[in-house]
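Order of writing sets the chain letters: A, B, C and D. Residues in each chain are counted from 1.
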């Protein structure tokens, strides 16, 4: 069982096929598996359904797969930052299924946890609830949402050991841990790969069982979407 | 005189209590963090997976791994913890956040809220807004009292019923506009009550820009919640 | 907002009442809030419904509350190690609701996460499924289980800061993190209390928002239920 | 000659594959860890919140914070990770564990399993057994082929239908007893097949101690799963 692959192309070999469903971690451009997304683009695989909170921006993240028209459908909570997305959507070339962000996160967690459906208040009485089963518990109204499970998850982690145990850094954690659990094959790009026993086992967020393949991706190309700062007080 | 954006934020800050965990939306709600009273311990949640959100970083100290739900670079505090998106929304959905302050396009007198889509326009998505209004204990909306249409006519935003698709049904507890403050009894369904008026604004001015029916109780009896 | 209380009695003051529901963390005697359980015993509160994976052993853990007949009902997955439990149960003095361990864990997690009900395969076609709704998803059979939420959770953590951020040690984590989220009031006993900023925020398992009160409990009295060892090889 | 407990465990170990994540029950299943082939990477899960379970500690090195699901003191390995009970059973329920090896009181020819309660006797509870058999990809039962009643008569444990309350319905893929090995096609419902016989044991001996109907296919064609 060798989990570490030499590069993204090798790590994705044999798992990509047209019309598959792929989960991609990240929130905005934070904690996205950018190297793996590039390799998916280069593979030319088409007709993809992508489950990801956002759709990247023009020229970065999942935006790369929109440029090449490899995406048929997005399941996301917010796609605001992508002009190409808007164009393709309005032209009828791209399908979108909006999910409330917390519902999306929980559907993915449920998919990985063997829970086919759960009830939530979120979206009751809105367009999101239309066509879904509703039900009262203790006098409150809920809608039923189903679990999500993909053919492939591509995720980003900060540090990992060769057993596949992963830790994340700050808000780059976001959707990555749930997605690691909710696909037939999970491939992780990891900034630093270490030997087993290096990471304190109490600190591990994703247990190695969920990670089938991993690559080293130093993270040098991490981008900032909204650079906001405050002035330094004069000394 | 109608309240400025900062005055609206300052009024919203009066809803904070010591020990509160609070989620602030984008826009005026973000300004509320400038008015947390000294000595009051309020922790800000960012739904992308952080509790204890700090201010923007100094230039040169931005960290691509540390952003808020608006994708802006931020900093951490000694109290900070990080968690996944599912844990973050478990916190929100489970009713653990005390207060959410957010913007709106329309609010109805029964507490219905619309702030995520305009039919016919490109829809960007609801992000975490539907989860927040469904899950947080108390929801305070901060918005301009009315909008100006292109022809100059006033378009009320406090309505009998929302015309835009809802973000949540019967979810708003309080609306702070540039003209005053309204309490909504969303559970009992007993409607909206004007509880404060901005200095120099009259009830008549408010009625002229409001479609929603509302009672008036300016004696402070409805102020605390 | 001062979360740290001088002792267990003070930390439980005002939150105990007869016939309430209490969650207690731990698996066997590992990671149990023993100091808080003692204080609950000393308070004399009666008619308790206790949600806990096990029922302690004679003379330790929740066994203390059985001795004093303060427990009316247990919601547990396994109560094998407690003779007093068997006696009281057979005498009709104690009610028991068995839950499969994973169903119990998920019901608690759901209660804390605002999920009133979910579906699971566990227990379908068994006594556990009787009287519960069943439903097919993708041709497989599931039963509906509901979330659990208590008046009070008492938990044990290894380290915590005064903001209530907690970390756990090894398998003493078990049910403690979910229970922290699933009660009106959560009180934590913590082996070491530190200042905020001391624990790496990426390592925190329970965010301070879930912890209303905490006490320092050095953990000197931790007990081992089954001491198993292996021989040292002769040098 | 019927297999010993260790021979049964050794036979069960043949179901392990490199890279497997495995949950072992109490009793004979625990012995399986002694027969993991050298060079094969198998990680053991303990449902109380640990992956990568190590052997018992040396005397004096027991840690009250480090126990397995049988409440025995154990050790950690370089591959170890810890997690909560809900994460542990998300792993189990979600089908991420490759193999569960556990004991049983009765198994039926359709894969039904009974191992948690005897009506009229004090019930201790099912612990994690129902979750394991419902969630793990492959379930192997290791047990004595039959029980001896007090009057000395043989009581079969492989039955047409379980008489005891079930732990799971149609969940068992394989049964290893002291007399042989049976495969169960729990999905197709095509019943039980005897695929191996312990050295020196005859099919007739097995039939005499078995109530369940079973086919016989000893050519190895049904061996791999």
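In this text, a residue touches a chain if its C-beta (ideal position, glycine included) is under 8 Å from a C-beta of that chain, and two chains touch if they have at least 3 such contacts.
Everything quoted here is computed from the prediction, not taken from an experiment.
> Would you mind pulling out the distance in Å between where the CA atoms of chain B average out and where those of chain C do?
36
> Need the CA-centroid distance for the pair chain A / chain C, whole Å please.
Here the centre of chain C sits 33 Å away from the centre of chain A.
> Where the CA atoms of chain C average out and where those of chain D average out, how many Å apart are those spots?
For chain C versus chain D, the centre distance works out to 28 Å.
> Which residue numbers or ranges of chain B touch two or more of the other chains?
Touching at least two other chains: 76, 82-83, 89-90, 92-93, 135.
> Chain C: which residues touch two or more other chains?
In chain C, the residues touching two or more other chains are 106, 109, 113-115, 120-121, 168-170, 173, 201-202.
> Using the contact definition from the top, classify how the chains connect: line, ring, star, complete or other.
Contact map by chain: other.
> For this entry, which pairs of chains touch?
Touch list across chains, by label: A-B, A-C, A-D, B-C, C-D.
> Can you name the residues of chain C that touch chain D in the complex?
27-31, 53, 76-81, 86, 89-90, 96, 98, 100-106, 108-109, 120-128, 158, 168-178, 205, 222-230, 232
> Under the definition above, what is the set of chain B residues touching chain A in their complex?
Its residues touching chain A are 46-50, 55-59, 61-74, 76, 82-86, 88-90, 92-93, 112, 117, 122-131, 134-135, 165-170.
> Which residues, counting only chain A, touch chain C once they are in their complex?
106, 110, 113-121, 135, 137-138, 140, 142, 146, 167-170, 173, 200-203
> Taking the complex as given, what residues does chain C use to touch chain B?
These residues of chain C touch chain B: 1, 109, 111-115, 161, 163, 165, 181-182, 195-197, 201-202, 204, 207-210.
> With touch defined as at the start, can you tell me which chain B residues reach chain C in the complex?
Residues of chain B touching chain C: 18-19, 21, 41, 43, 45, 51-52, 76-83, 89-97, 135.
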